[in-house]
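Quick notes on the structure that follows.
Chain nomenclature is as follows: A, B, C and D, assigned in order of appearance, with residue numbering initiated at 1 for each chain independently.
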Amino acid sequence: MSQPDILNQAFELGFTYTRSTGPVVGRFLTELRDRNIVGIKASDGRVVVPPMEYDPDTAEALSEFVDVGEEGEVVSFAWVKEPRESHPSEQPFAWAMIKLDGADVPMVHWIRAGREADVSTGVRVRAVWAEETVGFITDINGFELVPEEMS
Amino acid sequence: MMANLAAVVGIGQTKYTTKRHDVSIAGLVREAAVNALEDAQLSWDDIDAVIIGKAPDMFEGVVMPEIYLADALGCNGKPMLRVHTAGSVGGSTALVAASHVQSGSFRRVLTVAYEKQSESNAMWALSTPQPFSTHLNAGAGGYFAPIIREYMRRSGAPYDAGIKVAVKDRLHGARNPLAHLQKPDITMKEVEESFMLWDPIRFLEACPSSDGACAMVIADEGLAEQAPRPPAWIRGVAMRSEPTMYAGRDEVNPQAGRDCAGDVYRQAGISDPRRDLDCAEVYVPFSWYEPMWLENLGFAPEGEGWKLTMDGATSLDEGGDIPWNPSGGVLCSNPIGASGMIRFAEAARQVRGDAGDHQVEGARLALGHAYGGGAQFFAMWVVGADKG
Amino acid sequence: MTDIAIVAYHQSKAVSDVGACNEVELIMPVLTEVYRQLGIANAQDVDFVCSGSCDYLQGAAFAFVAGVDALGAVPPIRESHVEMDAAWALYESMLKIRMGHAESALIYGFGKSSPGELPIVLSQQLDPYYLAPLWLDSISLAAMQARILLDAGRISERDMAEVVSRSRRNALANPNAQLAGDISADDVLAEETYVSPLRRADCAPVSDGASAMIICTVEKAREWGVPYALITGIDHRMETHNLGMRDLTDSRSTRLAAEGAGVGAGKVDVAELYAPFSHQELILIRALGLGDETSVNPSGGVLAGNLMMASGLSRIGEVFNRIIAGEAERGIAHATSGPCLQHNLVTVVEKA
Amino acid sequence: MSERQDPVTGIEAPIYLKYNFTAGAAPARFLSQIRKGVLTGQRCPRCEQVYIPPRGSCAACGVATEEEVVLSDKATVESFTIVSIPIPGNPIQPPYIVANLVADGANISFIHLMSECVNEEVHIGQRVQAVWKPEEEWDYAMDNIRYFKPIDEPDVPVESIGTLPVSGWEG
């Protein structure tokens, strides 16, 4: 048996997918483009953001949209001190579960913050809008901490 | 030990089309599932487990998508299984779903298969080269065309047997409002003059690329007997696999297909498929695969499958004795991951007497067939109007 | 429901990068070993084969098709595949045996995760409109879950460190482990955080490898004349994909699966839990109702080496090994899939 | 928002993942040889069939193929297609011939291009030979062989395709 060379090569597996959203996801993204956040009412009355198409408990299709605030409270977070290349921030940041005002179920997004110590459970954050909104989840260009005197 | 009896009690499909602009991936899958539940007159609570199938995750770029689709399919708190056996997956998924009931483990399950191919480009997803790849990849047509050429040489079939199938299946599809391609006025001349993509495969001899989903509810004997609409009893189930390449492999007439058919016929008590079956829904993505599979599945002696095609034996419009793909088949609609399940479901529709304008009159026993990979993975079932 | 026997099991060493080894080369050695345990030649000698793998791990569509080349599938065999952990391939195989269409089945799982960036690959399991486009990696998700537990006072960082310490020490006796060592909870706590509140040691490593198992009817096991253990219960349950609607301090689906599998029907001597993060082991112990009489993850668990798509099957195999070795009479194995334990499978294995 | 826009009905989701691929041992042995301009197959210890390109096992027997066999760069056309559409990411311009070729000494076909031929005259059983790139361009790749071209040897009967020794075919 011959001794082979070790053959290594980097490659990229990539494609830009063209997704159709359907009415529920589409409504949420349309509102985001207009710098507004909507949730949807689940069968038990809880407001879910971003809106789910189908209720996890009853499996029924959901359709009752509810406006929610662009501020909310951190329910949990993870501090990323070394962001990965594909992460939304090149600076250290926090992933967070954020319960927006008017919502009952937290959504997951990210928080810009200088230091880990600045973020804590219960802290208030506000959506930062992208300069140009296009109807994509990154129209919320992360959340920022709301100074305490303002909250 | 004998498998428990099981039957299809509900069938749901989407309309097949190039791109469903109006739904999310979940919305597409959901539509078929809801249609199947409505057909069975059941609600989500009546379902004990969900079995889902689709072709490679790369088609939609969602890794292990059952994770995301759990809510759309009412799976919270239920078992959910994802099958992937390449192009045969729609058929395999139905078989795995059936085994949930046939094993006596579940009373009633939902199975769904889908592909939202328009989210990417299937050709891209099938052709992504890895480094140091030794294969020259010319797409699915490039792979199957040389095999078809070898069939033509071996059988001495007339050059237009493939053209005949292309016309026949499109005329069948014109009877099926769900079919993607609607070509009621198609002619032999039109097919013959269509662009030669991968010689000997012309454009109109190849399947389209579709978005779509198909779903079925499968129930045990007791529940099926009480079902509001006629059940399609599952009379035989079989899967076979063989490697893509091995020395001496007969790619034209793969042994895995022959063995799989033999197995499913034995279970269903079929000794002469052309005589005993009333119709068949067979995975024919390129027209020449009809005569090839007619031989592989034992409907015709080796080398003579094309004669059935040319004689009109497989055509509804010509009053053939053994219609193949009355729904229009894969040549009319091809959401890859769902295509196999559509074959299985359409076979069930026939024996339930519920196939609308493409109903084969008096159909009592039908074959559903799927294949995948390099024609190496096979899944088949036989369904009947009677328990057998 | 018919009991099903496990008659053979083998796992490759978990390694961080298996290098010049393709799917077939990864699978063949573990298959050869389970064949040897039974004295059979190849997959022709079983009635059904089912595998688990994920194309995206190594970035190639149809990775599992190459796996068939390892089987000796001429003449053709009855074979199927799940794009899931091979524990679910075992589940499918059990249905096949119970419906009377097979007496025996070969199950294998394989994963070569090293070529990609696994936590980022797994981010593409998430909702494709709301979460996947953010590239929310699997470690960060688990970190948020851990913080909820810590904030609620359900666990402490020391509890998590003790899980890691026990894993590393148990792994010293596991020749297939990738990470092993005599490490104390204090040693772990002295480490800086990685994705806070998680430390690197709280996270399973990225591993390459494969595992394989053969199961059969009890009659067939007797015919083969090898020691066997019995699968007396199995169940699996999914949960909502919306993390905000789940109680992340608990695993409801694990509870349901444990109930379905009959975990509570007897004493549990050993439990092998697929917990890719230390705090998840604590969630699972509670959800499964395990107490001090149960030895948890004596192999070191997946914190000592995590073969994606095979780790769930390996958990079952590890319990089988303990029972055959006479170290346990009854054990449970757990497998998971999806973010923060979204989908869970529980198997009960007992001495024959 | 003063301006009224159409509702969002779709998104573009760029999903690009990076991998560092390492070839398997059997393919690496094959590629290391072709780097030197040598076409090799690997023989199954059980059924003795010779595989090219080797993938690690004899797929029929499920055992590793360790013995290397040097093959001829002459081959026989097992079948072929004339491709009339470009393949995404593939620089070859249509129409071109993709053929299943069995090298002398091997028992299984591989897929490669044919050129320097009249497309309409290509046929099953036809004899062909590799046209190699200049040696300085050789890499770990099957396309060190640019394509295969017909040679002046009698056709191989169909039943003998896949059974020729490495010494070739004299008709």
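The working rule: contacts are C-beta pairs under 8 Å (C-beta built on N, C-alpha and C of every residue); 3 or more make two chains touch, one makes a residue touch a chain.
This one's a predicted model, so the numbers in the text were calculated from it and none came from an experiment.
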item	value
Common touching chains of subunit B and subunit A	C, D
Chains most often in contact, by C-beta pairs	B-C
Remotest chain, subunit B as reference, centres from CA atoms	A
CA centroid of subunit C to CA centroid of subunit D, Å	38
Whole-Å gap separating subunit A and subunit C, where each centre is the average of the chain's CA atoms	30
Geometric centre distance via CA averages, subunit D-subunit B, whole Å	30
Multi-chain contact residues (two or more partners), subunit D	9-11, 13, 15, 17-23, 25, 27-28, 31, 59-60, 140
Sites on subunit C at which at least two other chains make contact	19-20, 56, 59, 68-69, 71, 73-74, 117, 120-121, 124, 128-129, 132-133, 240-242
Two or more partner chains touched - positions in subunit A	4, 6-7, 9-11, 13, 15, 17-21, 25, 29, 52, 56, 136
Subunit A residues touching subunit B - in the complex, by the definition given at the top	7, 9-11, 13, 15, 17-25, 52-59, 61
For the subunit A and subunit D complex, residues of the former touching the latter	1-21, 26-27, 29-30, 33-35, 135-136
Of all residues in subunit C, those that touch subunit D in their complex	17, 19-25, 28, 31, 42-43, 56, 58-59, 66, 68-74, 114-117, 120-121, 124, 128-129, 132-133
Residues of subunit B defined as touching subunit A within the complex	19-27, 30, 44, 58, 60-61, 71-74, 76, 118-121, 124-125, 128, 130-132
Interface residues, subunit D side, partner subunit A - complex	1, 5, 7-23, 25, 27-29, 31-33, 35, 66-68, 140
